[in-house]
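You will see chain A twice below: alongside chain B first, and alongside chain C after that.
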Partner chain A sequence: MNQYILRRLLQMIPTVLLSTLFVFLMVNMVRGSAIDIYFGTSASRSPEAEAALAARLGIDKPLPVQYLTWLGKIMTGDFGESWRYNKPVLALIFERLSLSFELAIVASLISIFFSTLLGTYLALHQNSVADQVIRFISLIFISAPLYWVALGLIAFLSKAFRWIPPIQYVPITRDFWTHLQIIAIPSTLWGILSVPIFSRYVRNSVLDILSEDYVRTARAKGLSGRRVLFVHVLKNAAGPLITVVGLSLAGAAGGTLLMEVVFTLPGMGRLWLTSIYQRDLPMIMGISVFISLVFVVANFLVDLCYAWLDPRIRYQ
Partner chain B sequence: MRGSTHAFATSEGRHTMSVTNTEPIPSLARRELSPLPAQPSATVRLLRQVLRTRVTVIGLAIVVFLVILAIIVDFLPLDDPNVMDSSVLRAPPGTPGHLLGTDAFGRDVLSRVLYGSRVSLVISFAVVGSASVIGSLLGLLAGYLGGAFDSIISRIWDVIFSFPGILFLLVIMSTLGAGVEMAIVALTISSIPIFGRLMRERVMAQRSRQYVEAARCLGASPWYIMTRHVLPNSLTSVLVEAALAIPGVILAEAALSYLGLGVPPPTPSWGKMISEGQDILEVAPWLSIVPGFFILLTTLGFNLVGDGLRDFFDPTQLK
Partner chain C sequence: MKNRLSRRDFFKLSGSAAFAAAAAGYGRQLTLAAERLAALQGGNAVVTAVGTEPVGMDVCNPWALGTAFWGLLGLAYDSWWSYDRDLNVVPDLAESWERPDDSTVVFNIRQGVKYHNSNRELTADDVVWSYERFINEDLGCWSLTEYQQHVETIEASGTHQFTVRLKTPNLLLTRIPLPMAVNPDAYANPTDLLMQQEAGTGPWVLNEWETESYVSFVRNENYWGAVPLIEEFRFQVIPEEQATVAAMRAGQLNFLTIAKIDNFRQLQNESGITAVAGPSLEFRRVNVNHFSENLQNPDVLQALRFGINRQQFVDTLTQGLGQVSGPLSPAVTSFALPQDELNELQAYDPDRARSLLSNAGYNDSDNRLRLDCLSIAGFKDFNDVAQILQANLADIGVDIEIRIQEVGVWVDSRVTLHDYDLSINDHSSGGFDPDFTYYRSDQAEQEWTGGGDPELDSLIDASNVEEDVDARREILQNIQRKLIENVRELYLYSPPVMEAYSNHLVGYEPWPGSTNLRVFDKEQVRIE
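After this line comes the complex of A and B, so read on.
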């Protein structure tokens, strides 16, 4: 296992390097105008100020040098300073991070729990009416823009219960209950909306295992259906379930962004969008790299879970 | 040579057929094991087959209808989608002359939605078209050349996949800036790996097939084998993948426009219309509901067609 972890850690290095290089190159394709972007229509623009900025950003140096300097700074946790907020990028990210994580994790937990339950039920009642209904609903949910569904829900709640999303965001440390009210609807909504889709994955992987020989053997030994299900089937379906966890976390990340916009929550997604609108280059680079790091680590953890559950993977 | 590939394809088809036909034995065994699942009876299976094709036909009808509408929208008796009429601000659906009402600027919603469908369809066809060609070629090269080229390409795809869904689009859009061309570029880049991986997998799988060996024995060059045998044999998979990729691209483009990073105003676009209606959701809910419904209809149509195509070309996936 240790050897596997080490190998997997080493594999992460090129991915991280490539994604930083990718972000760097993308930003530098527009970097020619970085000075224009920084000053905008500001009156403080002068040849001296431009030269000072160029020196400060290091854009007077050749590209490879710029990249390595930037990479070195990131390694030491220095993501640069935002142009619009005049604060370190990393500090701004951490201010907003907890809310986005909270939304994503609550949403994934809800979707994982219910899709496992529903998926197992559907596998045991293959081709029943419920199976067909869920199939249809998941098709609709794959096809619908989910932020639109969320808007529809807000419209419905405001018409039917006179409830509107709280306008002012309250952090968890200040008032737990108000905070919970704010978080509950977007995260539950996103979690529930992904249940029909993920329950199909669970259903199919449980079905695969139900047709295995050892399940038939277990039945032939006279074990009860319930015991076969919980001891033999679900334990072996855990691998595919991890895939669902990974997928739902990834989905929740994108979903969180949209939910933050729909419910006007000050999470990292909104921070990213604002910095895109304001063309805040250090912020854009910082957040892009940060998010790619988060997902490289998340993929790593998902792979570790796989290897832990299925020893065959460790020796491939 | 062509004859041999055909013979191979049909023998493969017959093979899968025979697997379904010998089903009774495991299914009998399984029926004893309730609550473990039972195989559906022949009638249920037949019914499902009919329903499946009917559902595909419905999907196809939706798609054809929307495409025709998007083509002939110029000739329909509709208001200009960008003309503002201050006498009918936020008119509800059913207002004479404005079947689906008007928006906050007095623009006709029906006209905007239909012109929006043209924008959405053109973008998604352009994206899927270019991504499938570029991706298939890269995948073919990666599978064919192997070695360093293959591992570099695979790493790049890993990077693209390491940002889930819309987040990768945001990385590109945030550096390129908003706009239709940028959205097409971003969506294409993010869709290329889907086709690249598919094609690479196909090349790997077919490399050791007998018909490829036969061609090699006859002295065909690897490149000839790739382009004349492997590529044509993989085209149906690419087609199915393309049909299934279109709804994803439509949704992604709508999400980008919703976030204000896609199609710039005043060009009508579904995602933008939803976000414009969002601020006055309580007063004029139809402004957001109508474009969202059109997105749902279009992607549903393409999904149904894609599912139908997959079932038709790859019956082994049936569950």
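After this line comes the complex of A and C, so read on.
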């Protein structure tokens, strides 16, 4: 197992590097450079000014040199400075990462709880009227665009209650109550809207487990329905849900963009999007490294969870 | 006998506790909401929203693809002169000025003006330092070409006096590019750019800047002019305008400039909020790429000119609050073409348009003209404008393919590749004394679009030096006629400037033509 863990950790390095190379190439292939963003259609745009800016930003060098220079700095922990904000890239990322993860974790906990309840209920009452109705309603929720629902909710709250979550972000360390108000609605909304999808995984998984021989055996032994469900069924049905939730948590590293835009949260999503629009290369590359790392680590942790849940799975 | 808590009882208790906590939390939320509302109303801050975060606070900063930049800049930095409500030029940082001859203007700087967070007093040497920075080609400051065209030198002629020697004799005061007063001590290097800091003398001092969250200014207690009665000016970064409307209703904002008519209408009916719309200096236009092979035939250009129903834009996109516009917004009443002449020059005449296209060899059945039109994703109402244009021109036999581009790609298309026929754009005269220098042949914009007309250049140069208002009006109107008749661009409509503000902002009156944040200090707006 230790060898397996070491091997997986070593494999992460080329994975992350390859993804950053891919991002670097894509950003440089996209039309509209940092120079275009900087000058726009300003009349003062001249070849001299463009050359001076390119030299200042280091983009006058060939692409391989730019990438290798960046790579060399990353190896020493220097992620560089944002061209737009003139601030260290790492500092900007860390400012936002905690908010994005917080949103994702709270949303995931809400989602796991209700998905498990709902999915299990639907599996235990398969093909009942309730099952059909709830699955139909879930389809509506799955189809509803998150952005539209969030905007509609904001409009409703402001109209009906003259209240919306505070628009000025306050970190948890500064004011717990205000912070709670800020993240409660976006994370709850996100969590609730994920329930229809996750509950289907749980339902299908529970249905598969319920038809297993060992479940029949447990019932035949006289174990209570509750014990069969919690000890024998749910534990084994957790695998697919963990995979989906784990990867969705990893996705939060890229930010919960739609929530951030509607609820004016300064998260990773908006930072990443703005950096791409501004062609802020150090920022784009820095965030890409982070997201790649989070994904590979999340994948790895999900695999370890599998092994913990199911003793039959042993990695070598 | 079981004396442990059963699982059912545990869940019952947990559920009740959770419900109680939620109810308490909700009650607390309402209390806090009420407190916050009272704080905003009883407090002393103007809280408004911007859709995109200003990039920086450097006066030279060309990272200016966003409107928030200019508004914020004007809070921290003074200008040398300004307009009053009657649109007369009045002294500001410059106490007075003289013109000893045609090519010289001497400015006298107010004495005792101190920079923010510093004891350093503004002197003429600082002005020269700032000027040398503005003309540094490597920096590419936004007004570089104006200096290159009009200014010979700017020199200090006294501790509180600087002299501008002009290349263009008799250049109107409002055309003279003047470097903003900045504190040189704030720069390690003149080629540095101040991003989240400023070095001005204005009535508002930059206080806090939380990236992608908010920017806050506090009043300058040592301001040389009228110290604002309001203590703080805060700009919340809110990308989605619908969210700003909700925030306004919830009392979390007390001032707002609105771009979309639907959002404006929502706030018109809200109690405690005043929503006003007025003519604006801004107008929508369509760039014409004169390099395009599809647009070489003059009949095609004229067909486009007469094939657009401009009133439809006004009715659909502004619900009648806007106005049909030419190359100058109708809000500039002194110099814009009279509306009836404008309507004649830009008449909607689809039959005439079809006839012109037929002359050019096209028809509206099997040989329709195909053009493409660029728009910028998510920028104002550009996509809506493109769609109406597409529908109008389809009627006369022109099929428009709308290409919605991200802003960086749009710049690349317009400046470098020229791979388009038409592009939605906007413009603003910037003030009530319009400057058409932008249309001169030697300006970059004409280089990118294949424009330029020596006759037009002469008119533009004449307009920059003609002091007599009636004569200048004649010249400016001739410029507008030429731009329309030669289809330099296609001019569409002027949207209204729409603002909403809390009734607790006492003394606020919208500024004509655009939102002017300096109203809050100059006119001593207060919160009650």
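Just so we're on the same page, the second predicted complex is superposed on the first by the 254 of 316 C-alpha atoms of A that agree within 3 Å, B and C clash if a C-alpha of one lies under 4 Å from a C-alpha of the other, contacts with A are read in each partner's own complex, and residues count from 1 in each chain.
Assume a residue touches a chain if its C-beta (ideal position, glycine included) is under 8 Å from a C-beta of that chain, and two chains touch if they have at least 3 such contacts.
What you are looking at is a predicted structure, and each value in this text was computed from that prediction instead of being measured.
Q: May I ask you to decide whether A:Ser19 touches chain B, chain C, both, or neither, giving the answer as first, second, both or neither?
A: A:Ser19 sits against chain B, while chain C stays out of touch.
Q: Touch check for A:Tyr85: first (chain B), second (chain C), both, or neither?
A: A:Tyr85 contacts chain C only, not chain B.
Q: After lining up the shared chain so the two structures overlap, which partner does A:Ile154 touch, if you call chain B first and chain C second: first, second, both or neither?
A: In the superposition, A:Ile154 contacts both chain B and chain C.
Q: One more residue to check, A:Leu139. First (chain B), second (chain C), both or neither?
A: first
Q: In the overlaid three-chain picture, which partner chain does A:Arg7 touch, first (chain B) or second (chain C), both, or neither?
A: In the superposition, A:Arg7 contacts neither chain B nor chain C.
Q: Kindly classify A:Lys73 by the partners it touches after superposition: chain B alone (first), chain C alone (second), both, or neither?
A: A:Lys73 contacts neither chain B nor chain C.
Q: So in the superposed three-chain picture, is A:Arg162 touching just chain B, just chain C, both, or none of them (first/second/both/neither)?
A: second
Q: Would you check which partner chain A:Leu257 touches, where first means chain B only, second means chain C only, and both and neither mean what they say?
A: first
Q: Scan A:Tyr277 for contacts with chain B and chain C and give back first, second, both or neither.
A: Touch partners of A:Tyr277: chain B and chain C.
Q: Intersection of chain A residues contacting chain B with those contacting chain C?
A: Correct list for chain A: 30, 151, 154-155, 158-159, 261-262, 277, 279.
Q: Which chain A residues qualify as touching chain B in the complex?
A: Chain A residues touching chain B: 14-15, 18-19, 22-23, 26-27, 29-30, 123-127, 139-140, 142-145, 147-149, 151-152, 154-155, 158-159, 204, 207, 210-211, 215-216, 219, 225, 228, 250-251, 253-254, 257-258, 261-262, 272-273, 275-277, 279, 284, 288, 291-292, 295-296, 299.
Q: Which part of chain A faces chain C closely enough to touch in the complex?
A: Residues 30-33, 36-46, 48-50, 52-53, 84-87, 92, 95, 151, 154-155, 157-159, 161-164, 166-169, 177-178, 180-181, 226, 261-264, 266, 270-271, 274, 277-279 of chain A touch chain C in their complex.
Q: Enumerate the contact residues on chain C facing chain A in the complex.
A: Interface residues on chain C, with respect to chain A: 7, 25, 28-30, 32-33, 36-37, 49, 53, 55, 62-65, 137-145, 193, 195-196, 210-214, 234, 236-240, 242-243, 245-247, 249-253, 406-417, 438, 443-445, 448.
Q: Sort out for me which residues of chain B touch chain A in the complex.
A: 26, 29-30, 32-38, 40, 44, 48, 155-156, 158-159, 162-167, 170-177, 247, 251, 254-255, 258-261, 271, 274, 278, 281-282, 285, 288-289, 292, 295-296, 299-300, 303-304, 319
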